[in-house]
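Down below are the structures I want you to see.
Each of the next two complexes has subunit A plus one more chain, namely subunit B in the first and subunit C in the second.
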Partner chain A sequence: MILNIFGFLMMAFSAMALGLLFIGIARKVVARVQKRIGPPFYQPYLDVLKLFTKNSITHGFIFDFGAIMAFGGMITTLFFVPVGPFVLYGMNGTLLLVIYLMAVAYLGMAMATVGSGNPLASVGISRALTQMLGYELPFIVVLLTLIYSSNTSSIIGIVQAQQSGFMNWNLINIPIGTAVAFIALLGLMGKKPFDAPVAPSEIASGPVVEHGGKYLAFIMLQHAVSVVVKTALFVDLFLGGGNNIFIFIVKMLIVWLLAALIGSIFPRFKVEEGVLFYWRWPLIAALLQAVIIIF
Partner chain B sequence: MNNKYESNKWQEVINWVQKRSLFMLHYCTGCGAIELPPTMTSRYDMSRFGIGPAATPRQADILLITGYLSTKTLRRVIYTYEQMQDPKFVMGFGSCTINGGMYWDSYNTIKQLDKYIPVDLYIAGCMPRPEAILEGFLKLKEKIETGNADGYKKYNKEYETYKKNQEKVLGEVKRRQ
Partner chain C sequence: MSLFYYTFIPIIIAFIAYFLNKKIKLSLAILNSVVFAYLFYQISRLYGQWDIPYESITYYIFDREVQLIFQLTPLSWLFIFMTTGAGLLIAIFTIKSQQEYTLRSAFHLNFAILVGSILGVVLAGDFLSLFIFWEIMTWSSFFLISSGEKKAAQKASFRYIILSTVGAYLMVTAIFIIYNQIHTLRYSQVAAHLSGLPITESIILIIMLAIPFIIKAGVFPFHVWVNGAHSNAPKEFSPFLSGLMLKVGIYGVILLLYFVPLYNILKDSIHYRGLPIFNYILAIFGGVTVITGTVLAIRQEDVKRLVAFSSISQMGYIIMALAISTPLGFTGGLLHLMNHMIFKTTIFLSIAAVIYRTKTTKMREMGGLIFKMPVTFAAYLIAIIALAGIPPTNGFISKWVIYQALIEKGYIFLSVAAFFGSIGSFMYVFKPLSTIFLGQLKPEHENIKEVPFLMQLPMFVLMALILLFGILPGLQMNLINQISQLLNITPVGFTLYSITGAFGTWNSLVIFSLFVGGFLLAFIIFISVKKSKPVGLMDTYTSGEYLDDPEAYHYAYQYFRPFDRVFDSFAARSLTAAYDTFAQNIVKLGNVFRKSIVTGNGQTYAFYMILFIVILAFAGWII
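Then we have the complex of A and B:
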């Protein structure tokens, strides 16, 4: 029992550390793309530490509860995603559960915006929830295809189905679906072509507009964990997972850097353009892939 | 280093962290705004010093006042400053914030920013080039590390004086948190 709790805590803290490291590396890489020197790779750690030393102001109980719900929802999602050899839950249906749990973080943020009462925050969160309608549809179609082709809806089962070699990866088996899922992943992580929810120059960083000090630190940690969760999910589903934690982290880093590089060269979609984009080409491609796999 | 306020080891660690990560909110009133995009982007790149732009006062550490302040904009600056969370630092940018600059005889602009909110550092010039802005940031980091950038403590301590000065030019100032 005690050992279990210790394991959960270790996993949460190492995911935060890893996510902050990933964000720092991506900032450095994007800076090099733009011919800048860029901040040191450990800058996100310093940012979070600094935010914890600042004073912070609350806007009531709902505001506090929303921040904790966003953070806790993301940590809970982490426990259901296998990261390399660390598998906490392996039962059937974890894939569907993870899709539902990922929405909890957004709902927590929505709660915090209600508490803060700032109109820019409401605009931001409504954009985030609208965009969720966009990317979830093609993503769900790809996941159903995946469940059909590997005959299981547990993530660890899908990983085990791809074990014996590179040719068994879902990247090779369902290539169009992988591409669609990657585009959906950009929306899931709020990377550049689909970052209308947090657009700093239009709506002053959207949902986090009233978060200062320790609240912003929690939101940054939540973002760090979400990077780990979403890249780990993609690696589990399409890139064959990994028995070795180092190989798994390298795969995650490749996915994350690819997303960062794509983000560094594209401008952002308006939110309705983003949703329409998702409902047009990725959805058609996902349905085509489903038809190919089923028949 | 004449540190007026007591400090201990823990405070030194906090200063060390704060020095390395600063979010900057720029209040662009006049011509000074044009010097900031080159400072942020590829040519001069301030992010290598750990300084990044912030979107809102809640998230910011530095308030950068770029240029002259009319009595109308001063009110907004005071609101912005009071919405920021401690520790917070103010940088006056250009000679307008020091003595009025080229608006020294205008009936409608304030001459010394320091009378209304505490300024930790001035960057002189009309306009200061991006090199001067970066130099100013490095000076501010030095002041933060030695604990001398204590304008916010001064504001809390001598709040009545500042309030009197503010109300002298503005009339009533509605305080909001």
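Then we have the complex of A and C:
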């Protein structure tokens, strides 16, 4: 019991640290792509620590509750995603569960931001939910194919099926699906060209427009954990997972940097254009992959 | 207590109370609650007594023996339990909520008759008693829908009754045909008879029997009555309409798909991935229902209309799951049926509470009610978490089982439809949350208070149920496996905390405790740092603009406009309009007939009479 709680806390805090590190590295890399020097890689740590000491304002209890729900929901999701050899709760049937657990965090975030009463935040949330319907559809078709082909919906089972060497990775087994999932991952992480929900130049960063002080720190931490959850999920599902935590983190970093690099060179889609884009090529490709695997 | 009493007690009490109500106000609502509570208690004691013998009344029509049969099965127990439970909660809700409603006594009279007739429908053991109570149910619900306060209620209820009548004609015709062939209408004998018939004939009979049920369940292409009826019915009746009336249609579908083992009848027909094509078409209709309901729900500006469309899409899930006829599909369908009844009733009750205070159903005319009505908000929030299928609520469990069933067989289209509906549901449930409960408070709603305790009570009960079944799905599975045994379906493995799917299982207790852990951690971090200063909702970032009008600062109208633009052409091609055009063409045809034959001229009619006599004479009947 004590060990469980210790593991729980260790995993939560190391995921936060890892996520912030990833964000810092990505900021540096993107800056170099855009011919800037960029902040040091440890800048996000400083930001979070600073924000926790600042005075902040709240717009009522739903604003507080939403922040807690967003962060707590993301932490809960983390425990169902195997990060390298670290698996706290190795249940079967977790893949669909993870997808729905992530929604808790989104719902919390959405409630907090709309609860602030700022219409810019509402616009952001409306865009975010719309875009979600865009990327989730091809993504979930790929997951369905994956579940059907590996005959298990447990993430651990899918990882184990890919263990014996590079040729067993799902990257090789279902290549089109992997590509589609990666495009969906861009939307899932709100990277350009799918960053209409935040769009700093149009709607003042949308959902986070009212967040300052510890609330912004919470959102940053939640974002950090979500980066870990999403990249780890991708590595588990398509890149063979990993018995060694360092190899696993390197794989995660590659996925994350690839996403950041792609994001650094594209302009932004309008939200309905983004949705239609997802429903056109990625969805068709995902369905094609599903037909190939299932029939 | 004899099974007949369950049906007739509410109906008889309703009439007594109706006249009593002329003397004492509110006596009807209270009496109804007491009667439903009593029935609910009796029915919960019936659990497990599946061996009580069936009861019958025999009578003779034109020397033909006809039996009305009542029997108790686990399936019918589930439905009578849900019906009286929902009836009880709604009756308690109405005690306070109908203070200013003029048609109050008619409402309660019809409501009690409706509950009684639904009990009759699901306890019936033969098609004739099913039909009789089915019609009583149709008519009492018709009167209930038409007693809505809006003008449009009459049109909506008219559409409902027309569709129901079409269904009733088909059903009664099929019943007569079957009776002519075998002189009995008991389910088991009819099932055996249908299995023995040539396949085309039995399919035609089954379709004739199925259409009234599918109409009641609101499945595409017969969903056109649902949105109008739900949104215009009295606010207290909408929860019952959506939570139960639609499910009674599903009961009929279960009856045909499993009791009359359609799967066996169609075993030799064309297959798609191991499923008879008829079942697959039904499942496809379910999938189309999910997509249509979702897309249209996202567009709505009227909150009751929005929830009505969401009911349509959730019905699609149930039909889809039941139609694929696997043990997992059946289990998922029944689980979703129960869970949908619980969370949709909660949603409609919380909406009714909001309407009770604000007197409007337009979402853009409300806003910021969370600080005024926190209990209502909590009920709505928990219910939508369940509807969106997010753990640790009951909605997650049933949707998970349905997904497992769909993926197991590799039905791509159906899975895509299911996922589309699920993610789309995030969008449409968030719209009322955001525009009614969050955002800026309207100045005219400054003095709104939370609803009275008697209206909160049902919401508390339902909230508790959502969480209870989210953590302990084994409670429902226990009953579902008994139903499966009755219908010869392989039971699905389960424990108190988990259900075994096709690709694994999970443990809801672990999920719940991890949730508590995650939230606790977030909460501890939150309170251990500096306290924040509370400010008003108008004190926000406005790019330097000065704002004093909260109404203009509330983002509510056309919330998902970019998304709606994608589907504008789809929504413009409404099926309702197509049906209307069809009706107009029928009227035109009638006019042509009237102008050419019914001329209004006496000589024409005299000519008809002579013609008639001449024909008779030629036929040799006169001379």
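Operating definition for what follows: the second predicted complex is superposed on the first by the 295 of 295 C-alpha atoms of A that agree within 3 Å, B and C clash if a C-alpha of one lies under 4 Å from a C-alpha of the other, contacts with A are read in each partner's own complex, and residues count from 1 in each chain.
Here, a residue touches a chain if its C-beta (ideal position, glycine included) is under 8 Å from a C-beta of that chain, and two chains touch if they have at least 3 such contacts.
Just so you know, these numbers come straight off a predicted model, no measurement behind them.
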Side-by-side fit of subunit B and subunit C on subunit A, or clash: fit
First (subunit B), second (subunit C), both or neither touched by A:Asn173: neither
First, second, both or neither for A:Asp47, with subunit B first and subunit C second: first
First (subunit B), second (subunit C), both or neither touched by A:Asp64: second
First, second, both or neither for A:Val209, with subunit B first and subunit C second: both
Subunit A-centred angle between subunit C and subunit B, computed on Cα centres after superposition, in steps of 10 °: 110
First (subunit B), second (subunit C), both or neither touched by A:Ser264: neither
Touched partner set for A:Gln34, first subunit B, second subunit C, both or neither: first
Touched partner set for A:Ser14, first subunit B, second subunit C, both or neither: neither
First (subunit B), second (subunit C), both or neither touched by A:Asn151: second
Which superposed partner A:Leu107 touches (first subunit B, second subunit C, both, neither): second
In the superposition, subunit B vs subunit C on subunit A residues touched: C
Least Cα gap, in Å, left between subunit B and subunit C after the two complexes are fitted on chain A: 5
Subunit A residues contacted in one complex by subunit B, in the other by subunit C: 53-57, 204, 209-210, 213
Partner subunit A, residues of subunit C touching it in the complex: 368, 370-371, 381, 385, 388-391, 396, 400, 403-404, 407, 410, 412, 415-416, 419-420, 423-424, 426-427, 430, 433-434, 438-440, 501, 503-507, 510-511, 514-515, 517-523, 525-526, 529-530, 532-541, 543, 553-555, 559-560, 562-563, 565-566
Footprint of subunit A on subunit B - complex, ascending: 14, 17-18, 20-21, 41-42, 45, 47-48, 50, 52-53, 55-59, 61, 84-87, 177
Complex interface listing, subunit A residues touching subunit C: 5, 8-9, 12, 52-60, 62, 64, 67-69, 71-76, 79-80, 89, 91-94, 96-97, 100-101, 103-104, 106-107, 110-111, 114-120, 122-123, 125-127, 129-130, 132-133, 136-137, 140-141, 144, 147-148, 151-154, 157, 204, 209-210, 213-215, 218, 270-272, 275-276, 287, 290-291, 294
Residues of subunit A touching subunit B in the complex: 27, 31, 34-40, 43, 46-47, 49-50, 53-57, 200, 204-205, 208-213, 216
